[in-house]
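Before anything else, here's the structure in question.
We call the chains A, B, C, D and E, going by the order they appear; numbering starts again at 1 in every chain.
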Amino acid sequence: DDKIVVFAAASLKGPLDDAAAAFKAAKGGDIAISYAGSSALAKQIEGGAPADLFISADLDWMDHVEKAGQVKDGTRSNWLGNTLVLVAPADSALTLKIADGVDLAGAVGDGKLAMADVKAVPAGKYGKASLEKLGAWAAIEPKVAQAENVRAALALVASGEAPLGIVYQTDATAEPKVKVVDTFPEDSHKPIIYPIAQLTGSTAPLAADFLAYLKSPEATVLFEKAGFKILK
Amino acid sequence: MLSFTPEELVAIHLSLKIALVATAASLPFGLLVAWALARRDFWGKTLLNGIVHLPLILPPVVTGYLLLLVMGRKGPVGSILDQWFGIVFAFRWTGAALAAGIMGFPLLVRAIRLSIELVDRRLEQAAVTLGAPPIWVFITVTLPLALPGIIAGIILSFGKALGEFGATITFVSNIPGETQTIPTAIYTYTNVPGGDTAAMRLVVISIVISMAALVLSELLARRVSAKVIGDER
Amino acid sequence: MLSFTPEELVAIHLSLKIALVATAASLPFGLLVAWALARRDFWGKTLLNGIVHLPLILPPVVTGYLLLLVMGRKGPVGSILDQWFGIVFAFRWTGAALAAGIMGFPLLVRAIRLSIELVDRRLEQAAVTLGAPPIWVFITVTLPLALPGIIAGIILSFGKALGEFGATITFVSNIPGETQTIPTAIYTYTNVPGGDTAAMRLVVISIVISMAALVLSELLARRVSAKVIGDER
Amino acid sequence: MSVEISLRHKMGALDIAADFISASGITALFGRSGSGKTTLVNMVAGLTRPDSGVIKIGNRVLFDSARGINLPPHHRRVGYVFQEARLFPHLTVKQNLDYGAFFNKARDQRQFDHIVSLLGIGHLLERRPLHLSGGEKQRIAIGRALLSDPEVLLMDEPLASLDEDRKGEILPYLERLRDEAEMPILYVTHAVPEIARLASSVVLIADGKSIASGTAAEILGRLDLLPFTAQDESGAGALIDATIARHDIDDQLTILASPLGELRIPALGAAIGTHLRVQIKARDVMLSLARPVDISALNIVSCRIADLREDESGMVNIGLDREGATLLARITPKSARDLALKPGKPVYAVIKSVAFDRRMIGTWN
Amino acid sequence: MSVEISLRHKMGALDIAADFISASGITALFGRSGSGKTTLVNMVAGLTRPDSGVIKIGNRVLFDSARGINLPPHHRRVGYVFQEARLFPHLTVKQNLDYGAFFNKARDQRQFDHIVSLLGIGHLLERRPLHLSGGEKQRIAIGRALLSDPEVLLMDEPLASLDEDRKGEILPYLERLRDEAEMPILYVTHAVPEIARLASSVVLIADGKSIASGTAAEILGRLDLLPFTAQDESGAGALIDATIARHDIDDQLTILASPLGELRIPALGAAIGTHLRVQIKARDVMLSLARPVDISALNIVSCRIADLREDESGMVNIGLDREGATLLARITPKSARDLALKPGKPVYAVIKSVAFDRRMIGTWN
């Protein structure tokens, strides 16, 4: 079977689709990308999914897959990075500087702070860690609305339901109905990393080529344009 | 296994409350719509029928998103409800109940409609000749005879409400103590590496709850059908 | 709006195939289980009833995960099916159909069971005295008279199969051309910044498909009930 | 109160065309299976909408296609005893009986008790209809209709599933209803004895059409209608109005004053002066040229032959006249010839007392 | 083939206790509403399981509680005409009729056509049952049971909703079934004429118990059972076996040879030598001390009084004997006294020819 099957975190869809199309145009072959939550994909790989490449939205689920012996030796690397931002509806007059002891609770008033699930979704986990580091978590915790994923959190802000939300820079870039209030300091949370690896069950001859292509400058442009950082 | 964490207790309590309220609140609308679809011909019937089925057909997340757009505090309906009546769904357990009720609505309506359609019209005719106006006939003849279907609809809708996840979390998020139901709690655990045991605990709990509800409903249904259909066993 | 992208076409085609196969394949089991629940008393009836309802009550993701564990290539049942019969569900469209069928099963069974329960037993008695063995009575009397419920069950189960997302994406992932249905495609679009329009297109498409299915089924149901119940309008 | 019906309706292969006015009392709709009787009654109840026509009860217009009037069934105040009982399976017998009472002024406990005991359903009140016998169901259906306080009663073969004892008990009640309540009753039946006993007027229905209507005496006395009215096992017979003149207690006889002179019949438990209507079956009337003696028959009526008509089975039906009153007799052609019967000839009609079966005698006020 | 029934069953307030053996032919189950007739028939069909007892048809044991035998209904080969028609609403009339035929050897088109034309349902074959009239439904139900090729026929008041014409057409067919097919028929009815005409034997049911059983002639001839058997409007009457001796074409008469001597009855379209059973109603028998002359009655039987019994209504029922043959008469006490009737006294019984209504005459082979 020479179809390359890629299991990728859902937030990669835009640029990854473009990269796949470009690769196909150049090298031929067929690429199917299954986008879903990293946890679901990881469990599927553990359950024998016929995937060639796995791109996780955080290190934990890649570790999980590696521990299950599914990562092809020497193929795993930290590929993309992202930054975490605080967003508000585009028409919001709110301004806030993120710093130690920031009064987020006061800023949302009787509204909610929209985040991705703080236990389950990477964006939520990073956000919580950041707020803890900044000493703001205890005050804001009762006002946090945890969404299924970071896109849903974005939707809560975009629809005006929540006055503030914590999402990735990549999401904020593309949503005109929100504006970035401030960026979280990089050292306030573990680095946001999208690891990539080829899997042991990979059979598609071109899988390694595609992995290599993703790291090529040609592809890199696409991801940078979408707001990702390229990790070396 | 037998002692619950406070978080679990809250989620269980909330889930039950939401499922009960969702089912109870949607029942009158369900009866009305089922009756209209079963017994009336009106302009827009096909449309109504389609709308009722939408939550079944659309991915729950989409339904949740549409709810957010329409019933959210800034949404066209939500803002009116908020300003005029002070009713807010967003981020409240009431919103979770709304989502659950809507997701179960097609199931509720179908079951009731089906059993209304199977009620012997000759009995309704008999009631009318005894002087009962149509609404009274509906309440005293059609509804009691459709009880097996009403019970079935309630079970389906209650079960759906217990298990509903996608629309709920999209519409009202996952706020422990306010909108975190058993399914959203399960979702959280399954997304944490190694969280499977905790998730399984909750799965077992919701199975137990719904089994209890099922057994109860079956007993009820048996009594009802002994009356209505005359179970000869 | 009117020309589909190749990806959309594939997803639509796949969704229809999966929903049709899921419904058709679960129907015989649904009939059997509904009949057993409606008309038989046996040991383990409560258990069977509970199991049938599980997919309704559990969050779809859990059902999908359980499917992955049991029916996956490495699961106890999945591996046997694979080795002995060469049947593989995991990450195939057949798996998506299995997930959809299982998610719709409680709806299918409930509707059929309900209408079987409402079939006039005196007609079945009449059939038996004419020499028909019980299975033949079931086929020639009970089933035709339960047709309105069977149709309702098929609609619910087909609709559910069209809209099913959580169990599908968890069990068989979201592989374009193989397991990517309309709902999972919608899901991926909602994850693309600016993908909402594309998602809405698909939402509209699935609404159109299910409306068509509904209208068709209503026409069918009308003809059936004119025969069975005798619609006097 | 009178019922006025003039309807046209096309239904399947059947063309309904019914026109009749029935004064208060019981109007029997008489016709064979499939002739459209139930359909007609359904139209009066408002359950089937006629293509065109008029239905009036007293001054109340229930339906008038020309004026666009079509009263909904629950405003028509008809009590309908259906051909099949149609009891509410989820209600007890008592609740079934009370169903219609809910919409009338007050529930009348005395009337309730009266009807319940009359119909013999007191022991069933707490039961549900499912396992009741056919006759029990029908009695409850009758009670339910009566207790809904209707202005017209529609009864579709209400006694068909009842045994004779039960019929015998219910018939007097229907008579009382007819006479006291002044409630018009449309009564579907194919039993001539019920007509003879109950019906003020009769409408003959054939193939959806009302082919004849008139008082019961007229219809049952018409030789040309015998093919319809004589179809019952007990056959045709003239209706005679009579009054109880006296009781002969020793002989267990009651003596009636009638246009035929005095008639001796088995003792009746009714007061002197009571009006009765008696059917004298043609088959029970024997003819003799001389007054018979030493015979068990106690009723010997001298009369004159008015009309002779041979029927399809070869028997001779004879219309007898006694000073304007009509009597029918049915004899063999041999007897007719042996006795040289012809119009105008005086004869003696001999009728056994026991031929006056209580079941053929209706009280009539 | 014979049917043997011995059952005990408790059901609600009713204790069923039925014991009877009926030889081939039609066994009438006769009793008032709610006496348990339908319940009994349901047990024979296997739809209700008795508490204990035995049901046998010929040598086939359908039920035997002691031996733990309980044949399922579809193996019992009973054709059941229910009290309510119970047609399959989703099938056409034709499909309803064919339903049972599916399980017999071959469907017999000739028998199908025959039964369809006999029941007058040919024009209904393509219709669905919903809108059929009550009588139409019942006829189809009869046809459906007959066409399922049963070994026993159970008929629960099958003719109650039929008009007299239709009854008259179906009765001869039931007679033929009884005589030719040798198929035992359990026939629930509360109509004495049907018993008189059809029943080989009669089982009287009261309050769930079989209180008397015997041949129809025995049961209908017993003065002590008159409270049950005389309840019909047309009353009691003895059954007489007779044979057609000759036809008198000119006079439209048929002359029967009978234990009562020659009987003249309206012309019958049956061959000389045909066996008949005739019910002579007690009410139709007049008694005279002298042989009457110049009277229209053609049948005058000289006999002797066997027994006199006054009944509850005060009338006198008289058992008459003519060389061993029994006749019943019913007269007023006054006549009895006037004529000084007492056992042993010779009298003339006078019976009109037309009293022999065709509907009371059964052919019998």
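Throughout what follows, a residue touches a chain if its C-beta (ideal position, glycine included) is under 8 Å from a C-beta of that chain, and two chains touch if they have at least 3 such contacts.
Bear in mind the structure is a predicted one, so any value in this text is a computation, not a measurement.
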Touching both chain A and chain D, which chains are there? B
Pair of chains with maximal C-beta contact number: D-E
Taking each chain's centre as the mean of its CA atoms, which one is most distant from chain E? A
Centre-to-centre on C-alpha atoms, which chain is most distant from chain D? A
Using just the Cα atoms, superpose chain D onto chain E and tell me the rotation angle to the nearest 5°. 180
Centroid of chain A to centroid of chain E, CA atoms only: how many Å? 90
In whole angstrom, what separates the CA-based centres of chain B and chain E? 60
For the pair chain A and chain C, the C-alpha centroid-to-centroid distance in angstrom is 34
Where the CA atoms of chain C average out and where those of chain E average out, how many Å apart are those spots? 57
Touching at least two other chains at once: which residues of chain B meet that condition? 61, 65, 166, 187, 190, 229
Residues of chain D that touch two or more other chains: which are they? 84, 131
Checked against the stated definition, the touching pairs are A-B, A-C, B-C, B-D, C-E, D-E
Help me check something: in the complex, which residues belonging to chain C touch chain B? 41, 46, 49-50, 53-54, 56-62, 65, 106-107, 110-111, 113-115, 117-118, 121, 148-149, 152, 155-156, 159-160, 162-163, 165-166, 183, 186-187, 190, 199, 203, 206-207, 210-211, 214-215, 218, 225, 229, 232-233
Complex interface listing, chain B residues touching chain A: 61, 65, 68-69, 72-75, 90-91, 166, 169-170, 172-175, 187-193, 195
Note: in the complex, chain E contacts chain C through residues 45-47, 72-74, 76-80, 82, 84, 86, 88-90, 99-100, 102-104, 128, 130-131, 144-145, 148-149, 154
So in the complex, the part of chain A that touches chain C is made up of which residues? 5, 7, 10-11, 13-14, 32-36, 40-41, 43-44, 47-50, 149, 151, 170-171, 173-175, 226
Sort out for me which residues of chain C touch chain E in the complex. 122-123, 125-134, 137, 140-141, 144-145, 147, 227-230
